[in-house]
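These are the structures, in structure tokens.
The same chain A turns up in both complexes below, where it pairs with chain B and then with chain C.
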Partner chain A sequence: MAVTRPVPGRLARWAGAAPVPVHVAVGHGGDPVLAQLRADRRVEVVATPRHATVLVVAGHVPEAARTALHATHDQVRAPRATVVVGVEGTMVGIPHAVSVPRTGLVDGLVAVQHDLLAGDRDDPSIGPDDNPVAWQGVGPHGQGGEGMMGGVPWGRPMAMPPVEGRDGLALDRLALRLGPFLAGLPPLLVVDVGLQGDVVEEVAVEPVPADEPPGSMGTDGEDRPSVVITELVALAELLALVGLAGMAVRVARLATGPVTPGDVAGLRRRLDRPLGLRTATDGVGRLDLSGRAGDITARWRAWLDRAAAAAAGDRVPPTGTLDLDALAHELLGMELGAALLSLASLRPQLAAATALPAVAA
Partner chain B sequence: MAQSMLGAFLAVATATVVAATAVAGVALWRRPVDPTAVAWSATLPWLGGHEPETHAWNRFHARYYPMTLVLLAFEMEMMFMYPWAVVFAELGTKALVEMAVFLALLSLGVVYLWREGGLAWQ
Partner chain C sequence: MIEVAGAAHPVVGALVVVAVLALGAMAVAVTESVVTAHVAGSPLGSAWSRPWRRAALVLARPQPVTERPDTLLWVLAPAAYVGMAALGLTVLPLGTVWAVADVRTGIVVLGSAEVLAMVAVFLHGWAPNSPLPLVAGYRFVAAGLSFLLLSIFVLIAAALPAESMSFGRIVASQEDGAWNVLRQPLGLPLFLVVALAVSLHGPLDVADAGELAGGTTAEVSGPARLAWGFARRAMLTTYAVATAVVFLAGPAGPLLPGWAWLAVKSLAVVVVLVWIGQRTARVPVERFVRVAWTVLLPLSFLHLAIAGVVTLA
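Moving on to the complex of A and B:
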């Protein structure tokens, strides 16, 4: 284990008092951990591993997502640490990870931050340190090829369209493979998008295949998260995605404690206010899926209905799953931001879809 | 004379020392901020766990382009028409022809903008 220079005393005390910047890789059943971290003042849940010093692996990460998890691990800035919740690090292929029980999670994170500041800890990279594909340009510094846009830099072709558009004003089609640990997206969902500018021209939504039958997942042998937690975590993540971070923390705090129908009603009033969540989501992400049409506002209102019913002790029907091909078709033509918000607004359904075991072909 | 030369020498010497210190400082402090000092895998764009498939160098739509065209076609046109109006009576036909040519060129931009849908009210 590489050990770094310690941060001098007083500076380390100040830095240690700051919230631990944490990136959460959410697996199956990781929602309660995510809510717990978002709710705690001593932790700051950040959107990318570059902003984090600690990577937290929450829930079960299937075998098929290990490579992506390791890539995420390697992108956390040094000195860094990895914390797994309720399991051993070897179970996610990160043997040097610190295993922390869920009850002492935040204390564990603070202790890890102190270790990092003291220079006692720094995780090595898992992947190779060198680019496996060399630059293949023709210039003296490896640049270029045919004209300005030639070459295959670092093994990645230029984002060039196959045919020139009219007036020669061709726009490049950028292909992105988002997920499975992108903050704000439903957990373990991979979205392949082809973009012209910021307009989604081609899209495929696919879950990472599960390698365990649903029901045996969860952390610390817990059952599936309750309806209230599922819906409120989805809401917190949506709020964080639209930039209402303070409101996201408030919702996460609600999700971690006992919830009354009155709490949910109060929350609904806040979100319905001018400049509340409604302002950001009204009319955005209109989808027509299996007969239920509506925008993102309609979907988060449905979450609140379900959470209120569950808090009142009523039986709430299970979240249905989705036809992912129909969903992908509906996302075509949206701007990327609206498409990602739409996916975030389907978090409970998509989480249910990704939890299904892979169908043998 | 000698004193002013000494002053100039001191100024040059001071500038040299400051520059050399700055360069040496940057060279010494380069390591903590050097992007090549981190692992290759940490320099990739963050997409959620997958590597990008295409290079980041690509042409994208400049959304402000129609706005720029509208500005050039209407605002800049007026900017040139005010001084033109001042000297119009003096120069007569010559000024009229010159402005007609200028407006004809600009109107090509307006026609293009119209074809692109830039004048449609949305």
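Moving on to the complex of A and C:
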């Protein structure tokens, strides 16, 4: 029985043959699923829930990220669907989600898209579609607070000049929370930024606290992703962020199969050119963290080194984690795009940081 | 010598402009799909039909919704952007003896269209009332000031040997002498920078950037998204045609009719631009602005000076 109006015949036939646009909410251990989706031509991994028809929840999403996951869910425009991989929908608080095993994931997505176009499926919103804070009519002018700029319309503070600006700019500061499911950011990372224009003027980087022993669930009981997958998925995501969609697919495809050192060397030849990936990363995101200084180029070269070593069967030392306060300090003053690319270039380390169990506050 | 005639009948002109932009946008979409598939190492067979399927799916999706969007501007932004692509196209010679309106101030019209396109992109970021599109819109304006100047100097340099600001005369001057790509070798790469930046493509797409969740498109879905995708590709079409006209003598060539030569040359420019887009990563906006002011702009001065000396000699 149809729950929404079906898309008319000819349009539906064409649309039904299109790759399924998915927004992937990546949790702990979700990297293999992400690589699988990016590598498959029947799927298109998109940059925002607004461009998606299906939300895919990959890996384990801890309790503390449920509200954000539900907000992401509601940002996909109806008619929409949610697919969870290898677990039941109730485990992420989305009971109407379709549960699909890893092996049948893409077939499942294609079937779901078909149902959506036929009008046979639509997920209801999870959260209420109203103001989180009562503000209309509050205050002397109904602006929601005291003074000319004191309102909190839709529960968000208005952009205000900082009391003590880093650069002495008298430009309003916009407070913004990014993550934990922003495309391309390391999984389960929340970034609170204060922006003046597009310059990061204040920043805090915080992982969503884990509530389960990491790696114990969410990937069909597989072990934690191998070094090769972790590093290559990080590379694929970086490539997608800087607009190299074709290369991102190529790298993701490599990550889904057995990798030889020769594959990695071939990849390096394609990417390590002055007008290749390096256009976006040379001299950008230069960070000095725990003795490992370098720009984004240095970091993705290290990923390739590690992937090559792992593919050759050598033992690769663990990534190690990061001092997040020091990281936040280094991000100050960067252009927002450069700051987000810098975070993406720390994906393996930050994934390790978010996988740590929560410290009791 | 090529004589480009005056204004066409407005209805004929409008139909031709719409047809060229539509065909051009389709050609750009297919080229993007094929080049991306090639770079990805995917089979090329289905790459030809992929853009239509994706367009059908986008069309079948609902319109975007945000809190308190500026709905009027949100609708107008893609329309204005396409409008500027159309305006630019009207002054370009599309056949050996035919332009929609080969006005004497052609390069001023194209320059104006470029400036107003910047406003359209900014409004597309402003209208949804959402932070990442807004940041992307501001970013584009900051970068825009630097590439607009490039475009002006390159076009003036091309006007010098033609002794006219009409694109028809610029074509004619290349038929008499050498093509501008040989006569003014710095001009072509500088103009390709402008083409990529103003049409939001490849390494200079600062407005719809992936690291900002799609930039000005972050909130857009459904027909509005299709309209914006069409607008960007229509703008790339106009700049590909302009590049072919200014540097490759546009419709001039033996045997084939003028429009066919122009189509072949424009398509070649499209392929080059899309190829660059899939090979070269997006330039960080700060570096783009720095390089534009410290390297590209001085180069365009030099380019103009050389063009002046060569013309006088």
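Going forward, the second predicted complex is superposed on the first by the 325 of 361 C-alpha atoms of A that agree within 3 Å, B and C clash if a C-alpha of one lies under 4 Å from a C-alpha of the other, contacts with A are read in each partner's own complex, and residues count from 1 in each chain.
In this text, a contact is a pair of C-beta atoms (placed from the backbone, for glycine too) under 8 Å apart; a residue touches a chain by one contact, two chains touch by 3 or more.
For clarity, every value in this text was computed on a predicted model and none was experimentally measured.
Q: When the two structures are overlaid on chain A, which partner does A:197 contact: first (chain B), second (chain C), both, or neither?
A: Both partners, chain B and chain C.
Q: Going by the contact rule set out at the top, does A:176 touch chain B (first), chain C (second), both, or neither?
A: It touches chain B and chain C both.
Q: Once the structures are superposed on A, label A:7 by its partner contacts, choosing first (chain B), second (chain C), both or neither.
A: So A:7 only meets chain C here.
Q: Name the contact category of A:336: first (chain B only), second (chain C only), both, or neither.
A: So A:336 only meets chain C here.
Q: Regarding the shared-chain residue A:253, is it in contact with chain B (first), chain C (second), both, or neither?
A: Only chain C is touched by A:253; chain B is not.
Q: May I ask you to decide whether A:323 touches chain B, chain C, both, or neither, giving the answer as first, second, both or neither?
A: It touches nothing on chain B or chain C.
Q: In this superposed model, does chain C or chain B come into contact with more residues of chain A?
A: Touched residues of chain A are more numerous for C.
Q: With both complexes overlaid on chain A, does A:117 touch chain B (first), chain C (second), both or neither?
A: Touch status of A:117: second partner only.
Q: With the two complexes superposed on chain A, say which partner A:78 touches: chain B (first), chain C (second), both, or neither.
A: In the superposition, A:78 contacts both chain B and chain C.
Q: Would you check which partner chain A:344 touches, where first means chain B only, second means chain C only, and both and neither mean what they say?
A: It touches chain C, and chain B stays clear.
Q: On chain A, what residues does chain B touch that chain C touches as well?
A: 48, 50, 77-78, 154, 174, 176, 182, 197
Q: Touching residues of chain C toward chain A in the complex: what are they?
A: Per the stated touch rule, the residues are 35-42, 46, 49-50, 52-54, 56-57, 59-62, 64-65, 67-68, 131, 135, 138-139, 202-203, 205, 209-214, 217-222, 225, 277-287.
Q: Chain B touches which residues of chain A in the complex?
A: Touching chain B: residues 48-50, 65, 67-69, 71-72, 74-75, 77-78, 125, 127-131, 149, 153-154, 156-160, 170-172, 174-182, 185, 190, 196-197 of chain A.
Q: Under the touch definition given earlier, write down the residues of chain A that touch chain C in their complex.
A: Against chain C, the touching part of chain A is residues 7, 11-12, 14-15, 17-19, 21, 41, 44, 46-48, 50-51, 53, 77-78, 117, 154, 174, 176, 182-184, 195, 197-198, 239-250, 253, 275-281, 283-284, 335-338, 340-341, 344.
Q: List the residues on chain B that touch chain A in their complex, please.
A: Touching chain A: residues 38-42, 44, 46-55, 57-61, 63 of chain B.
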